[in-house]
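Sharing a structure below in structure tokens format, with a few things to ask.
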């Protein structure tokens, strides 16, 4: 799901945003905070997502756009990292380092299938994810705005020439991504308590997954994400939970070497 | 020159300052500096060494590594393990602490063959994470999270190495020496053909390949050098802390290292030192912010990246140059200017009367569409052979096949009497004597005009890497010779006045000239020109005609892709006309002009005013 | 007739390189104007400046009576100027239909009905697009892509259509198919500014033609005259002549 | 290079000059140690709350001492530096405390690696170091057997292990006991201690599993444990992962008795909710339940000093806070015995300190063997249990007797 968010951003700005993991975190944390302020769960979630959407837009406008023009990618890469650090540390300072529980009706009792069991909340995740993917695909193929986003991604100039305001579209894309991230955060928070540090690993992995999936292809990203998740579980179960990351990342490297454009990415002919 | 001397003086001063620091206490008669300050300075110096290495990678070769901390840590652990488990001496363990990361760096460079930019960054990130994961989990070997403690105190020549008064702070000075060596190495590499090649590869990969630079090779080199520096830093750190565990070498450290480079100004000489100093001091100061320090850290970075995206040194020196250098009027010389020494350039022509190039049944397909279709052509040595045809007729594609950029789907190219294997890379062809220009000029825009030409001379150097870094006599001799020839070539195309201008700032016409000069720096037997006259004024075109003729008369073979009919008429010995990737006519100028198919292809039926072409 | 586009003293430079050194041109409403000149003469740079793809370094652009210098291209489209860019720039990863819809981006919300109608019109204009309506634009041939680019431009209901290098890499036969369409559109009152390297074509179809050289306008006049003007033949053929310097 | 190098060099010079300047700015130091206690622990990052827990204990104790006239007529200062849980930073701070601030003693932070990294520099500087959390055995029992300067008022894994093992053996019905530890220095260090303690009672370890920080789903490990028939799990980890483990157990419907080392703090009650009920934690202290009079006073003063502590539940690491509190008193007492601000004298005095603390009665605090440079003896270790969302002494809870499940 995170990877999906990266996909959305990339598709519009061709820019990777390292603050994303932290937006995801905000999704969870803000929900908790808002609830502690006495809002009912749905309201809190909505509020959190709204804030995330805004911050997504702001980050694009303030921290990505100025660098997006430049040739070297280091600029925004580092800036977003810097901003990410700010968000996370600010949360730590205000919200506290420790995780807090986010009780939802779906977490009370697990459903048991045979020996193993699972919470409704966790069943909810893939459902929402699937819905999101379908929705996104629909959005990109059917709606004018979606087409416009793809157009901008494909060729900013041409997009401008048919009357599309590329900058605005890019900002929207970041906002959208922010929303998705927050939603994900809100959905995951009950399972892994909402804490300031919950975003870091997820953000990084999401980014990697998005890249190896060949960031420009939504279903591809989702599939890769799911596969990678399952893969990790298998490694844990049959090889070693300790070496999980080592093995996982090694796999990623090899995949990238075999498919430089990512698994589902199209490879463009280099023009001389 | 004056600037350079001042630079060295500044460095000397800096070195003296650091060297004197431990004894400051005696001067001001206080218990200062304590081992705490010394340790800070030493850690700063170690960081600086690593950052210098990274700067070579990012600043020169333009490759972003977010896994540098892993290489740093690798060095540290190699040193620690060897001295702890294998009882190696300090010197021995240090050698490996440098060598092993360097090798790892070479391995890391391999991906650059296929992936770039973000993808490369991902690979380095992943590498860093793997490294940490392995260190954490392989408890039996690396001590896991408890790390490797109680390393034996390092000794060198029986001297115990510590940063204490009783040993005259010898370890402190050892690190200082290493730092100075690193600075020197950075300087020596940057201002040599290797540094130029790295920057060239970063700015225009295609042009570099066309100029005989093995891009993969040079990137591998850049990677392993920077990894070597990282390893050196790691080894020094291990022997300073006498304790290592993975937590010192995480992703955050990688980011921090990269930030130091950017902050200082990537690609600048002093950047690494400045960046390291600033960021390192900053982190110490930020402690005052208590729980908000990390936030301040992030804020600081964001601000810096905004205010000076080129880094401190980059931005400041940029400003200074803007103030100091008043734009003096530069006179454009006449060209071609066959001065003395030009004969060198055409010194090794292909045997007269031979077929320099034979193309047989060349076919080139991209996916569905066929760009070149069964083309046969033969180019005699010392002749000017023109390739014409409407846009998209496959002229450039054919040129790219000849210069090795595209592999023909079918067909065989024979060059200088030798059949080319499908695996011959552009840079190998270039070294054989094939030079080319590009349709839309591919200069190294951030390098000076002279440097551009010097890149062309890359493959003529004999002196190896060691010689270059140690600045042995042969290096100086060759460098001097190369510069002389470079200036001669600039004079030849009338740009000698612009030698120190950034190539990107040249007006379009001049860029074309420079590209030709750069190509000639290869001393080619065969010169491929892709629409050299495009965008030139008529005057310039006539000069260009003179130049091409002159080269051909001196025995160089020239293949020319061009639109300007009159130019073709003026220079060509032979003309091949392509349309839809196929040869529709081949012969002397007169023959081709008379050919109705040519007129049709060029002007279509609708072309009433097409007729005068025949008159031309 | 009153001009729909007036460009005065327009200058464009990339870094320190001056691509356009003060150009004056104008297009009357309903007029078909051509611009010819050799590679790098500055034709494309001028179009990019007019359509707001690049910001001009100096001079002014007046479109439809309004001062529009340096306005971003998406606004120019809303003002009624459409551009068919060099190399077509169709959205290769989207279907022909989606490309057309995007062409009408500026007005799709206001009158979807009208857009639908226009799409049908353009399809009758270019039946080959109709046959490939759901195909990915990237799979079209060069000629078809050019048609799509033109159709896409038309869907914003422009009053001025700007075309850059129509003939680029197209077979003469396809050109013989495209030009009549342009002439027809122009007859229906659409003003067209055509930049064309193949002067023979440009001169054959346009009312008036500018000849550009080194970022300047070299000469200007009724195409029919220029077509037989010896200096134009020189300029086009690039033969050295006193006039050309 | 298109840039002119000499400007760059000047910048470089100024740059390092600045660093020198920073350090120059520091005030002059006398040879005699200063009346300050230095500390290096986590003020930021994911472990920040531990730093806070320690600060509460230390500052409260210092306030009491200084209010009572300080030590040797001097007020004791506290200087705290952040190490973000990173060993290298901890060593920097240690040197700063020992050399620049020239403090009389140093307090340790939460993480064991930091303490281990400090062994060498501490010894070199001759700075008395008193750990209040990091329980790793090697922190005090140095491999070279020559620990001169490092003391601890906290638990020691080598002693905790048998303590847990005994409890586990008493409470396990099937006798099949498993070990579940986190992949950190602390967890990895504890594993051998636990196994040897089990061997001592010649009980087999039914299953050994590990997990990483920030892991969310431990189902794989737990299934293996369940299949091994484990009914009692000895757990070595901290709040967040503990919560995730309970969730995973809940998924599986697997409810073994958890007996945890003291990584689990009070926050656990909130994150794990009802699942926390009945989880047993070894510790040195808890501020919940009925407190002895003195402790009530201390708690009151803490709350007065730190309003954010609304209830004992806000003391996230009760044992750490208590240890820190006692440690400060022990240091102060040693100073009185030493009679002057001299590190060596103070160090030697530590062996003569007799002091009744809130955690234990230290009589004496330390002895001259590595094994006894730990002040809190196993006899003072307590079993705490989560009951109705609070961490209370086991005997005060209904969980006093083994569950019948």
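As written, the chains take the letters A, B, C and D, and residue 1 is the first residue of each chain.
Just so it is clear, a residue touches a chain if its C-beta (ideal position, glycine included) is under 8 Å from a C-beta of that chain, and two chains touch if they have at least 3 such contacts.
Since the model is a prediction, treat every value here as computed from it, not as a measurement.
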Exercise. Indicate the lowest number of steps between chain C and chain D, counting one step per move to a touching chain.
Key: 2
Exercise. Per the contact rule at the top, check every chain pair and give me the one with the most C-beta pairs in contact.
Key: B-D
Exercise. Would you kindly say which chain has the C-alpha centre located farthest from the C-alpha centre of chain C?
Key: D
Practice problem: Please work out the Cα centroid separation of chain B and chain C, and write it as a whole number of Å. | Solution: 40
Exercise. Would you mind pulling out the distance in Å between where the CA atoms of chain A average out and where those of chain D do?
Key: 36
Exercise. Could you give the separation in Å between the centres of chain B and chain D, each centre being the mean of its C-alpha atoms?
Key: 52
Practice problem: Spell out, as numbers or ranges, the residues of chain C touching 2 or more other chains. | Solution: none
Quiz prompt | Sites on chain D at which at least two other chains make contact | solution = 44-45, 48, 183, 212
Quiz prompt | Shared interface positions of chain A, touching two or more other chains | solution = 89, 92-93, 242, 245
Self-check item: Chain-chain contacts as defined at top
Solution: A-B, A-C, A-D, B-C, B-D
Self-check item: chain B residues within the chain A interface of the complex
Solution: 58, 62, 64, 110-111, 114-115, 117-119, 121-123, 125-127, 129-130, 133-134, 136-137, 206, 251, 255, 258-259, 262, 266, 291-295, 297-299, 301-302, 305-306, 309, 366-367, 396, 400, 405-406, 438
Quiz item: Which bits of chain B are touching chain D when the two form their complex?
Solution: 2-11, 13-14, 17-18, 21, 24, 30-37, 39-41, 43-44, 136-137, 139, 144-147, 149-150, 190-191, 241-243, 245, 247-248, 265, 267-271, 273-274, 277-278, 280-281, 284-285, 287, 290-291, 293-294, 312-314, 316-318, 320-321, 446-448, 502
Self-check item: Residue ranges of chain D touching chain B (in the complex, touch as defined)
Solution: 1-13, 15-20, 22-24, 26, 28-31, 43-45, 48, 81-82, 84-88, 91-92, 95-96, 98-100, 102, 112-113, 116-117, 119-121, 124-125, 136, 138, 142-144, 183-186, 188-189, 212
Exercise. Flag every residue of chain B that touches chain C in the complex, lowest number first.
Key: 390-392, 504-508, 531, 533-539, 541-542, 563-567, 580, 600-601, 603-610, 612-613, 616
Quiz item: For chain A, which residues count as touching chain C in their complex?
Solution: 141, 144, 147-148, 150-151, 154-155, 157-166
